[in-house]
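In structure tokens below, several structures.
After this come two complexes, each holding chain A, first together with chain B and then together with chain C.
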Partner chain A sequence: MNMGQFALLVFTLSILIGMGSVLSYSEELSGLGVMQQVDDRDDGDDLIQKIHQKLLDKRGSVRERDMISFRKDYGKDSKSISYFLEPANIRDTALLTYDYDGVAKDDDQWLYLPALKKVRRISSSDRGDYFMGTDFTFEDIKQTPELEDYYWTLTGSKSIEGHDCWVVEGEPKTDALKKNLGYSKTRGYIRKDINMNIRTDYWDRKGQELKHFKIIEVKQIDGIWTATSMMMENVQTGHHTEMTFTDQKYNSGLSDRTFSERMLKRGYRAK
Partner chain B sequence: MIHKSVFSLVTVLLFPLQAFALEWSMHGSVKNETSYFISGEKRLDKLQNRLDLKPEAMLTDRLEFRGRALLWYDAAMDIEANNVTDLTPAIKKHYRTYIKSKEAYLLYGGDAFDLRLGQQQIVWGKTDGLRMLDIVNPLDMREFLLDDFLDSRIGLVAARLNYYTYLNDHEHEFEFIVIPDARPAELAPTGSRWAYALPTLPTGITPVILKSEEPNWSAGNTEYGVAWRANLDGWDLSLNWFYGWKDTPNLQKKLSGATMFITPVYSRMHTVGGSFSNAFGAFVVRAEMAVNIDEGLDANGITAASSVAHHTTLNAAVGVDYTANNWTVSPQFFVRHLTGWDANISEDRTSGFVSLLLATDYLNEKLKPEVSGLYNWADRSWMVRPKASYEFSDHIKVIVGIDLFGGQSSSFFGQFNDNDRVYGELEYTF
Partner chain C sequence: MKNFFNGVVHWPKLTITLVFLISMVLASQVQHMTIDTDTEAFIPKGHEATLNNDRMKEIFGTPDLLWIGVIQDAGGIYQSHTLKLIQTLTEKVRLIPGIVDQDVVSMVTEDNIYGTADGMEVEPFMEAVPDNPAGLEKLQASLKAFDIYDGFIVAKDGSAVAILAELEPHELLIERGLDKFAVYQAVQTIVDETAQGRSEKFYVAGLPVAEATLGLYIQEDMSVMMPLVFLVLMIFLFFTYRSMRGVVIPMLVVSFSTLAALGIMAAVGVPMYPTGTMIPVVLMAIGVADAIHILGKYYELVLLNPDVDRKTLILETMEEMWRPVVLTSLTTAVGFLSFLMMEMVPLEMMGLFIAVGILYAMFVSLTLVPALLYLLPVKAPKTLLKRSQEAGLEEAGYISGILAGLGRWVSHNCERTLLLSSVLMFIAAAGASLVYVQDSYIANFQKDSLIVKADQQINKRFVGSYQRNILLEGKEKDAFYKPEVLKAVWAFQQDAEQVAGVGGSISIADFIRRMNRVMNEDRETMARIPDSSNLIAQYLLLYSFSGAPDDFAEVVDSDYRQANIRIFCTSDNFIEGSDIEKEINRLAHQHFDPLGMEWSIAGNAHIGYVQTKMITDNLRFNMLTTVFTIFLFAWAMMRSLVAGLFVMVPVLAAVILNFAIMGITGVTIGWGSSMFTSVAICIGVDYAIHFIYKVKHEYERLPDIVAILPLSLATTGKTIFFNAAVVIAGFMVLLASQMPPNQQMGLLVSAAMFSSFLATLTVLPALILIARPQFLFKGEKS
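On to the complex of A and B.
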């Protein structure tokens, strides 16, 4: 390599590095970019986990549920099926969801109600509807919100419990979306080291403070950062929901048959 | 037959189960249902204390046992003074105690099929409240249509094979059913408050009900069914065929002097139909259709030949579920049309119902009020059922409600005008 070629190589590398820096910098400054990184975070191709829900009202009344959930990714889409195992009054109730990426197509959802012995097609359009009495809406229990539905603004950085976090505010793009989702604004705190949203504050359609979401514990399981305990508190009702996740199995090669009306009707029985 | 079912349940439960079960469980509930008639002769309708048991066992990785037994004692038959004096011993016996196996079957889950053998409930169709395709299991109609179908369906001993296969990237299900245990609906006993009204007879004619020959367990009475189901391009679709017995009898009449001898008769029929459902934004549309070929129909004649007719009937229903702002609104429209109708047939050529369900919840689904109604647009009779449930805990729930009937006394719902009632239920589930 002569000096001319060497100089050209150095120049080219410096341009590429510079471009990378510019790209990286502009991504860091974009709320959408941060949220895209959250969306792209490795969460496995499939996952089985048990979920324990604790529903607590302001008078101290507690209801507890046990579920098992299965999820499998199909590119950007995913399918999931969740079975209620306990208590007996909702045992065998099960929800099957085909979650389509983007907003062009509504998700498909089916609910099995053991009291009717029937699988019911249900509408997924009311994403602000609360899931089975919890403080999580159907939108909240998704991995990440539909990014196209919000204007995302990166407002800065903040340390949360010793973790350096991006602060990203989301505002639903239209009044119809605000009505549908039940929120006028969200503010999320995303850990920079693992691209995980560990806290979110919600404001209702009238701009009043509504809910606080918090991940209490994060662990690395099979090399994947996993929330193992989280909580959602509704400050308007005083009700809150705690969820703990156990027995995670990533990338076990779940069969497509797992996500079917057949399995909804059969229910889950531990083998 | 009842004892046979209970015996089979107990046998499977107690004898071999623990010997080779990997794991077994018992869920169920203890429940009190109390109701009081607020129209007609006001009195205690029922004071039922119920035990609902759901035993299950995993026998191997692929083989499971699932069962359900329901039993109760209704104290109203003994402590309500009017019942003690007014009701016949047969009616009191019918309502006082109930011990029945509702389901007791083995489920073998293969890779591409499920096989269920034993007493089971097989549910077809997409509609609520009224049954068009949901015709496999007959009903126990001791309380007309007020009981939950899960409780009123009579479990039948059947073999059911569900086979699943992928065609063009879509899963298709094929269901094959054989039911040697043919049985009719169990109607409320004559003279009880939930008994169907007998046909109007000319003045001076006395009716005498003769014993009927009901379909029973025999090779010749065996019922068969086949269904196909798939989700194609977002549409949940099914096609169904069932060759069975009409669950309710037709009344064959024979006039002899001043006596009308009435014999309930049962007949076979083919049912061919299908269903679909899909979601469109906040709306879910669901529909089903059932064509009953050669269905037995009551006619106005007074001879065996002229009092029962057979024609093809078309039965269809469409319903919409609208969900928004934590409210569900579900209207349904049912229509029944008789081909080959003539003026001698007791039914209208075209008849049907509309129904409406309004439901919501409060306090994170602890409190669930709802009101449902059915209106028979052919005879203008109706039934309205508001109720509310409240969950005190994971295990304790209370329900209060009212059942109201209206219409002319000869109409479908109006015949129960004197049976308006208030009720309360207290349930502990485990």
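On to the complex of A and C.
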């Protein structure tokens, strides 16, 4: 075999391999693709809603809180302000959050304490930290996790309560991330029709089952699919958190001033 | 009965096979035995202390902590390489199966709460290990400033760091195929690996460790000491009888009864408590007796009638011996059954199954022993034969001679014997009066053992590994948002920390105080409870943005209605404990009663205290119950009040001498020693019964008491002597045990045997001569 023949052979091979990989394109979505669709789901440009939080421990004791919350998107970033309405001892306490997309910049949070008449900045939290004593971590409370931090695998489809769902498993990419998030694995069930994650199971760093997240009720409000009731249960502690959302108003054109320190101190006044 | 023994001797092989089979079936159950070294097992289920402890565990989940102490005496722990080690060790401990990951506590996991120019920060004291002097200094200062952690997770002098771990609840461990022992071993292995080539010293302590180690020691000790005791018993038996028969027969009785007792115990689902070690021990001491007495009588007859056939001799032996064997067994068993009144399950079970074993030993002695004797040929040594036929049994051997001499001396000096004994009792009384109550869990281990050293180091450097908890209950939800309630808690803590033996305390009030301080420019004077309930609620809300939902779960319930004040004590010794209990009770009344709040005490140190108090408070009652039960039973069985009283003589002598020995050797009354005392009472009874029966038997044949006494001493007395000597020799082996309780047991059981023996051979004959009781001298005037 001379040099020319050899080159020809190698070239033919390269073409074949190239075409092979072209033709073997997947007819299915990848795990990341599914999660991307979840992330891209329309959730309105702004939203006003009331939130009812119910914290239950394994002995059945209950702690409840009511808030009214305002959110506005700024491209991939968003700002929100929430006023506590109940219980009485924290009424007028208010929380302002600037939520930045990606992991490059930490979110900013401020809390106004009426009893102290002072605004306090809340330290940038670990994503695995629990949010306001609920069973949700800061990571869980977001619409979607930071996609780039996990390896996503689509493991199949399953019908959940009559809805056809993708089953996507996520694994934090590094041990540091696992520690930071507190999870070694997640398994989400995503409704194919509306791209909404309606269930997630979590495993802790030892691989033991940790939490179950479940959306209990979904409604279409102003044309947007909205979870109106959800819960997170920690199977290890028996503690669980229920959240219900009411009085939603999408795209009402909230002004930027809504999300300022001045508004934080002023408190919520029902119109 | 005669027919029964006829049957046994007629079908010896069948008898042996049956007894063997029954014993093996029972023994096969031993494999199902479980072990329970939980300290709480000693306290009855419905007891207030257990209820409170269960309630505490349910609400606050504060099980006992496992302490890992890392000590760096060269330059303190604030050095990067030491801190790095703490970081990796904490991480490794968190990942151990059976350890509750999120409940591991160290400077790596615990959050500092501190103020910044515009807020409150909650983050671990040490996320990254500082590598420069400024960073190290800052870390030290932040730990020093947070008063509840200073001394808790870091030694106050900066010489040591603690890593605290909690074990998962028992049921969960079982589910995962683990147990306390396995988890403790895993921790110890990781600590040992980490310690390789390090300059720091590592100690693992805490109640779970003590419990796990005690459990291991029980098993180890059982497997090492018991064969040794067995071996020594066998050697002594061999030298006593100079035949395999004399070794094999008593050992079979002991082994079969021990296996049967433990087998039945396992089959009915009773776990092995620390007291369970006493079962084989006592059966060894008592089970030997039946066989020895039968053997003794048999040899006696062989010596007297060398030409009579075996069958006749065996039947005659059993005819004379079955009554005392049954009577001693029943009396001793009844004595042990009186333990069922002791309220403490491990003691009750010990008494119950010793009684079971004793009855089984009786069964074996009355079946297997005559059957074996029938199968084994016997030949008395010629010299002994000659001497006993020429000079009577009194001269059959060296020991017989001495004992016969003793008998003669006592019969001529009965008053003197009694007076001498009285002097001994007076001296003993003086010794006994030195005995006092003192106990601690850690005292179960040798003073120079690793676990005792770990306990000392950790309790010297930190707040203390023994916990008492005040469970405080408000009248309504959110009671612990109220400033007046939190202020009372804080005042109580300040007072409690002044009590000697209290190293520190933690409550929800401490966290609120800390928050108030950091929200007020970190001014030290602001480390107090604020006056506004709303402010407290808002602090806690602020905190919840950085802290975990269960950060305060160990100190307050989620309704803020019930709180747990954790008080750390540096020892679990009883005397110090009772002072602390008294003071804490007083302070709780003082601070919480005016607010109308309910409170109760729980925690491992409290449980230990209650347990020891129960045992020692009940010891008087228990001793008297056992003595009285035996007395009543002996009275009923021998149909004579005086006989019952006579049986008591060696028993009471044993108790008094035991206490005297405790007083002189500094053994205090604790769960171990009080148990041995109760056991010792039951051991001495046998001797008296055997002796009284012998005298009675001989008197019916030859009504000359002065002649009978030396003979009885030379025969039954000799058997008693052998019995005592063999068992004492065996038990002295226990002095070499790893566990102080076993050493005490060796000492006290030996002492009981010795004093019973002495009293039976001296005081009892003297009493018989002086009192001339009706039950012996029928028809004669006393």
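Rule of thumb we're sticking to: the second predicted complex is superposed on the first by the 242 of 271 C-alpha atoms of A that agree within 3 Å, B and C clash if a C-alpha of one lies under 4 Å from a C-alpha of the other, contacts with A are read in each partner's own complex, and residues count from 1 in each chain.
In this section, a contact is a pair of C-beta atoms (placed from the backbone, for glycine too) under 8 Å apart; a residue touches a chain by one contact, two chains touch by 3 or more.
Bear in mind the structure is a predicted one, so any value in this text is a computation, not a measurement.
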Checklist entry - When the two structures are laid over each other on chain A, do chain B and chain C clash or fit? => result clash
Item to check | Contacts of A:R266 with chain B and chain C, given as first, second, both or neither | outcome: first
Next on the checklist: Taking the superposition on A as described, I'd like to know which of chain B and chain C A:S157 touches: first, second, both or neither.
Outcome noted: neither
Checklist entry - Which of the two partners, first being chain B and second being chain C, lies in contact with A:R257: first, second, both, or neither? => result first
Next on the checklist: Is A:K206 touching anything from chain B or chain C once the two structures are fitted on A? First, second, both or neither.
Outcome noted: second
Checklist entry - So, does A:I122 touch the first partner chain B, the second partner chain C, both, or neither? => result both
Checklist entry - Which holds for A:D106: it touches chain B only (first), chain C only (second), both, or neither? => result first
Item to check | Which of chain B and chain C A:T246 touches, first, second, both or neither | outcome: neither
Checklist entry - Does chain B (first) or chain C (second) touch A:D57, or do both, or does neither? => result both
Checklist entry - If you lay the two complexes on top of each other, which residues of chain A touch chain B in one and chain C in the other? => result 55, 57, 61, 63, 87, 89, 109-110, 115-116, 120-123, 125, 129-130, 132-135, 237, 239
Next on the checklist: Per the contact definition, I'd like the list of chain A residues that touch chain B in the complex.
Outcome noted: 55, 57, 61, 63-65, 87-89, 91, 106, 108-110, 115-118, 120-126, 129-130, 132-135, 237, 239, 256-257, 260-262, 266, 269-271
Checklist entry - So in the complex, which bits of chain A are touching chain C? => result 55, 57, 59, 61, 63, 84, 87, 89-90, 93, 95, 109-111, 113-116, 119-123, 125, 129-135, 204-206, 237, 239
Item to check | Residues on chain C engaged by chain A in the complex (per definition of touch) | outcome: 58-59, 95, 97, 101, 116, 118-123, 478, 481, 519, 532-539, 541-542, 544-550, 557-559
Checklist outcome for this item: The answer for chain B against chain A in the complex is residues 23, 27-29, 56, 58, 61, 64, 107, 109, 111, 114, 121, 123, 126, 128, 148-150, 162, 164, 171, 173, 229, 231, 234, 236, 277-279, 281-284, 286, 321, 323-326, 361, 363-366, 391, 393-395, 397, 427, 429-430
